[in-house]
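The following pair of complexes shares a single chain, subunit A, combined with subunit B in the former and subunit C in the latter.
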Partner chain A sequence: MIHTNNTTISSPPVKKLGVIRWMRINLFRNTFDSIVTISVVLFLLWIVPAVFSWMFFDAVGFNGDEALCRTTDGACWPFMREKARLILFGTYPYEQQWRAALACLVVIGLVATLIFKRMKVKWMILLWAASAAVFVALMLGNVFGLPVVQTVKWNGLPVFLLLSVFSLAAAFPLGILLALARHQDDYQLLKNLAAGYIELIRGIPLLMVLFMGLFVLPMVMPRGFFLEPLFAILIALMLFHAAYFAEDIRGGLQTLELGQAEAADSLGLSYWPKVLLIVLPQALKQSLPAIFNTLIGGYKDTSLVIIVGIHDIISTAKMAYSDPGWQRYGLEAYFFVGIWYFCSCWCLSAYGRHLEKERAK
Partner chain B sequence: MKRIATLAFGMFALTTAFGTQATAGPVLDEIKASGSIICLTNTNSPGFSAPDSKGVFQGFNTEFGRMAAAAIFGDATKADIRGIGFSDSMKTIVARKAHMASRSITSTGTRDADPGLVFPVTTFYDGQGFMVANKLGVKSATELTGAVVCAEEGSTTLLNIADWFGNRKMDYKVENIGDKTARLQAFYAGKCDVLASDYTALLSDRQLAPNPADYTILPEIISNEPLTLACQPDQELEAILFWSFQVMLTAEQYGVTSKNIDAIVKDIDKQPKAVRRLFGEKGATSDMAEKLQIPTNWAYSIIKQVGNYGEVYERHLGDSTVFKLVRKGTPNDLSSRGGLMYAYPIR
Partner chain C sequence: MNLLANKEKRSFIIQLILAAILFSAAYLIVQNIRDNLADVGIRLSFGFLSGEAGFDVNESLISYSASDSYARVLLVGFLNTLELSFVCILGSTIIGVVMGIVRAGSNWLGTRLALAYVEVLRNLPKLLILLAVFIVMINRLPTVRHAWNFFNGIFISNRAFYYPKLIWHDGMVFVLAGILVWFIAAVLWGRYVKRIQDLTGKQLPTKWPVLGVLFLTVLLISVLFHVSYQFSLPVFKGFDFTGGSRLSVQFVALAFTLSIYHGGQITELVRGGIQSVQKGQIEAAASLGLKPSQVTRFVVLPQALRMIIPPMGNQYLNLIKNTSIALAIGYSDLVSVMSTSINQTFRPIELMSITMMTYLAISLLVTALLNWFNYRTKIVTN
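Here is the complex of A and B:
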């Protein structure tokens, strides 16, 4: 049936509700709702003032000292003044920490650039490669007259960013390839290999993958080639995340109607133009929520590397309150780390929501 | 196939590499050539080793890495001190990626039997103990029948407790809590009567109590934990570590400290013979230096830059610190005062 005459589309009636009526409907609809509402309000009345008095009213300000902190139950912010650099950069040589800070800014700047500026894939790859090179040059030294800092002394934020951002970035294209390999029927061996790899990785916990990275990867390296544990772990994380990205993207590929690929075929497009121009853009759009799920999950899982002796910011936070004079202030240290995680994860998911909205247009 | 072959070859190379490490290698030469000695230490052990605000590891254990650097290079800052997890530390030495460890490693028979690792000298005698709340009114661990004990899951602590209570046919209950913070919280909240851990760990744990004075550490020490330096097998390196430590003990015995050593060296002829042998120009230490190929005044460098054993103990664990770890009457006191720290003769 086709409309031929123009009908005026009227907007839905505006619901005008008074405050009391709104509360009636939304908060106190029945006994159960009322109980839930009252419990939540009571909980908030208890927790919010407690948190605020810990953070502000009972707290010792940044200019105080440790002795003053002992007299109060509130937060001890002088701890952060004293230990912020340790939590951020760990045991990286103190005089050289500007390099670690700069390296972090390079990675954060890279991510921000990619978020705010649209660019062609080839420029993206170039930017990634350049940032990785600058990051390693800054951190490791031995170029431009910078003294060498061995990777065992890399701790805190730079290590966390290196392992999370670069492993996820490298895993993404690998995940696309795996998904494409699994989502085709022309090459059965390739399909089975991809499926086998994905199921193998998903079948073992991340901890085991990390141990494999530490102990097995160096063994398969050519003789005389020493793989730093940090980079072995980077590779292990990348291999791990790739399997999850692959399944996210395969989910997107499956939602695509067969007609899309067939239309491309009928236009005479060969495999790669078909995939890059027709299939992938639509599939990736469909799998955005899943991809961001993996992205944020993988980002947070990075802190597991403490198990293999690599110290990210959670571990340096622990170091900060191992100092004999500052042992009481673990909560402040973890609060700081929690804020970092919350802000960065929130930015990521906000970007994800923005992309979804944009692509839905 | 090629990959499998590489893997097999890698494993073979690894086993043969471990197998050939029984002979003493030129580790000392390697240390000298590299310009620093790599010393592994704890990352998070307040008092023994934890990074300060500048990210530099500080504590009792780190001083022995500095001691080795002072002896070998005449410069304690040439110690490359790196934090590492416990189980990894011995592996790293066996794999020859570090020269020594000062990391509260208990020297045990099976560990020492590993051809890639030696334990030259014990720097601290620890043992497992019990902490209780004062309000329990317990004065000795023998009164702990029926107690609930908080201990770390999967550690030797649990085995030692089982031995100790079992031998005395005393009932007890264990509360296994792996995470240290959670364990302390359970204990201070009264969920268990007793906290079992290494004696020194208990002392620092007590500092985290809401009111440390409310808790007592019982006198019984139920296990032997000789915390020992570990290094790669190398006769000269072992000798340097062992005798450097003896220098620190002897210096304490004769009251030579980092503060008065310059005055003592200036006035060396008026000193007791043992002190002259340590710091005199033609002392026994200079003969040793020649044989070990280290700077002649190595003993002076150790005391000047690191201090004697008592100073190091006091600096990190003693009354001036939050731990206030009692030394008098413990195995860590000098043998002349009833402890186990027995200075070997340097002559």
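Here is the complex of A and C:
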């Protein structure tokens, strides 16, 4: 017999947990959980008041009087009011700093455009080249009646963006080539060279590669050819990141079924159409998580350039607090830089997660 | 035309051309280097290594003074890199494993705090963390004169951390030998216990007898050879502490930063490994009557470890390379002494090739160890 109309489907009973019961399950389930809960609570009781009193309660506000800073243990935010511009643009001539700001906006706009708008590779390359040209023109000057600013005066955010964004962008195609060279069997010499290069670079610290860029690269240049340190470092960073990209992409190439390449061969495609149309699109999709790891890691590690004397934002932050009278406020300066890093890295990884979700569809 | 149509011949010809290009490029580079060096009046040679270094280091495991040679200062830097790497590997593993277990666990508060920890560290550069930690230590820790005192032997100041040092006594050789014998015996006993268990299912005790024997060994040898355990305590005299051992504040800042930085990444590895163990495995183990601690030890961990160890090895490699940021706060690691030596001698090519070879050797060694370990923990199938 089938009931049709006189039954109502009732929803399952809502489980109601009392506070005590909820705590028993979620905080004190066993000894280990209890220890964890107690230590976490103790840690929070220590750190939260300390951070809040430093940032707010004991701090001198952004518009406050800097003379008050000396009387308190908290943060000195007037420091940021005075020094924000120095941290952003460093020793770039003061009345020309709008150019540096505009150059930064060009790079940020470029990255945003690439994130939000899908376009053909051809247009991407064109956009990269145009942005690079505009960036250099703005920063260096000597065109459109802009006065020349030598690269030694380039500091802060523009330098950081130049080194991180452009080195990673240039490293990517190089990484693809290295991965392809290592992932083939027709040319053993090429394969061994690529493998040797990748393993060599991955075996030494980034700092060593930067030192090589600074000291050895100019020596390799022909006599009388002067290589600007900034561009030597840019090349070193690019060569470094390329090796890491290559390994990520090779991982993707290895997951690809052999049948894909064989099918392309039997369709009569020659090497480059096969690679560009069949192999790479699939391999790149596979290696997306690894690529984003390298991307974010490389972006963060650009900060190491300060050790070899290039002034990115951490370095200008140092400049800001080495000023006599402001020497106690290093933490405030680093806090400011930290916010920039945190936000930009967070955006990058959010974009990576979004791409992965799209891939899974 | 005919030559290019054959795949093997084409490959050979192209590679020949490639080799020719590479050879001429290498020749050009060598020529350029020689020209550029000749301009400054230097010839490539390693003779400078025996010359006097003339600069000081802030910490050294072997005796060193400014009048020692460049070779020795490089050795000092190398040992400092190894010491720092060792401490950081230990620290980051402990932090990572604990936080990973908490992150994969059921504690509402714990999972959230571990997530916040991982996210914050993932989005900040290690160099920034290092500089911030260092500046906080310099600004907020007391000066040497007013150092904080713990347990009447540990002093913390913004110059260094001081702690008691065990004074070497000749009888300790025998104690160390005894411990070595004990270790070998313990390993053998462990194998024996496992064999008995495999054959008969009987479980012999391991933990307490083994620890008890260790205690008795040390006690017996100490009494027999009249070994005295005396500590040299740090004492404040004049402008600094004398006696005891010390860790420079640079070392502490580096060890702390790299431990929490890589600890955050290891947390994610451990979480991934634990969560990769199928739920059915845990339920099956529980329904066989294993206690929760036994489920973790015999079922979850062995399977999770197989997932965790390969990426963990990569982490350790990265960590060792990352110790080179020591230069940013002036700790004398290998890269740091190399940089100073380059500035003094202007021999970048020689010094860099030595440093690069050292790092490559370390990398190869760790990779070999890792492969050996992977081989050992591989699933044995018939």
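Side notes on the structure shown:
Keep in mind that, in the parts below, the second predicted complex is superposed on the first by the 331 of 361 C-alpha atoms of A that agree within 3 Å, B and C clash if a C-alpha of one lies under 4 Å from a C-alpha of the other, contacts with A are read in each partner's own complex, and residues count from 1 in each chain.
The working rule: a contact is a pair of C-beta atoms (placed from the backbone, for glycine too) under 8 Å apart; a residue touches a chain by one contact, two chains touch by 3 or more.
Predicted model, so just to flag it, every value in this text is computed and none were measured.
Three-chain overlay on subunit A, with subunit B and subunit C in a clash. Look at A:345: by the touch rule set out above, it reaches subunit C but stays clear of subunit B.
In the superposition on chain A, A:309 contacts subunit B only, with no contact to subunit C.
In the superposition on chain A, A:83 contacts subunit B only, with no contact to subunit C. In the superposed three-chain model, the partner touching more residues of subunit A is C, compared with the other of subunit B and subunit C. Once the two complexes are overlaid on the shared chain, A:301 sits against subunit C while remaining clear of subunit B. By the touch criterion defined above, A:276 lies against neither subunit B nor subunit C after alignment on the C-alpha atoms of chain A. Once the two complexes are laid over each other on the shared chain, residue contacts for A:219 go to subunit B and to subunit C alike. When both complexes are overlaid on chain A, the residue A:51 reaches neither subunit B nor subunit C. In the superposed model, A:119 lies in contact with neither subunit B nor subunit C.
Of the two partner chains placed around the shared chain by superposition, neither subunit B nor subunit C is touched by A:68. Note on the superposed arrangement: subunit B collides with the subunit C stretch 239-247, while the other options among 113-121, 203-211 or 239-247 stay free of clashes. Within subunit A, the residues touched by subunit B in the first complex and by subunit C in the second are 216, 218-223, 318, 328, 330. Across the interface of their complex, subunit A is touched by residues 3, 6-7, 9-11, 13-14, 43-47, 50-57, 82-85, 88, 181, 204, 207-208, 316, 321-323 of subunit B. Residues 25-27, 29-30, 32-33, 36-37, 40-41, 43-44, 186-190, 193, 200, 202-208, 211-212, 215-216, 218-223, 296, 300-301, 303-304, 306-307, 314, 318, 328, 330-331, 334-335, 337-338, 341-342, 345-346, 349 of subunit A touch subunit C in their complex. The part of subunit C that touches subunit A in the complex is made up of residues 7, 11, 14-15, 18-19, 22, 29, 32-33, 35-37, 39, 102, 105-110, 113, 120, 122-128, 131-132, 135-136, 139, 292, 321-322, 324-325, 327-328, 335, 338-339, 342, 348-349, 352, 355-356, 359-360, 363-364.
The touching residues of subunit A, counted against subunit B in their complex, run 82-83, 85-86, 89-94, 97, 152-153, 155, 216, 218-223, 309, 311, 315, 318-319, 322-325, 327-328, 330.
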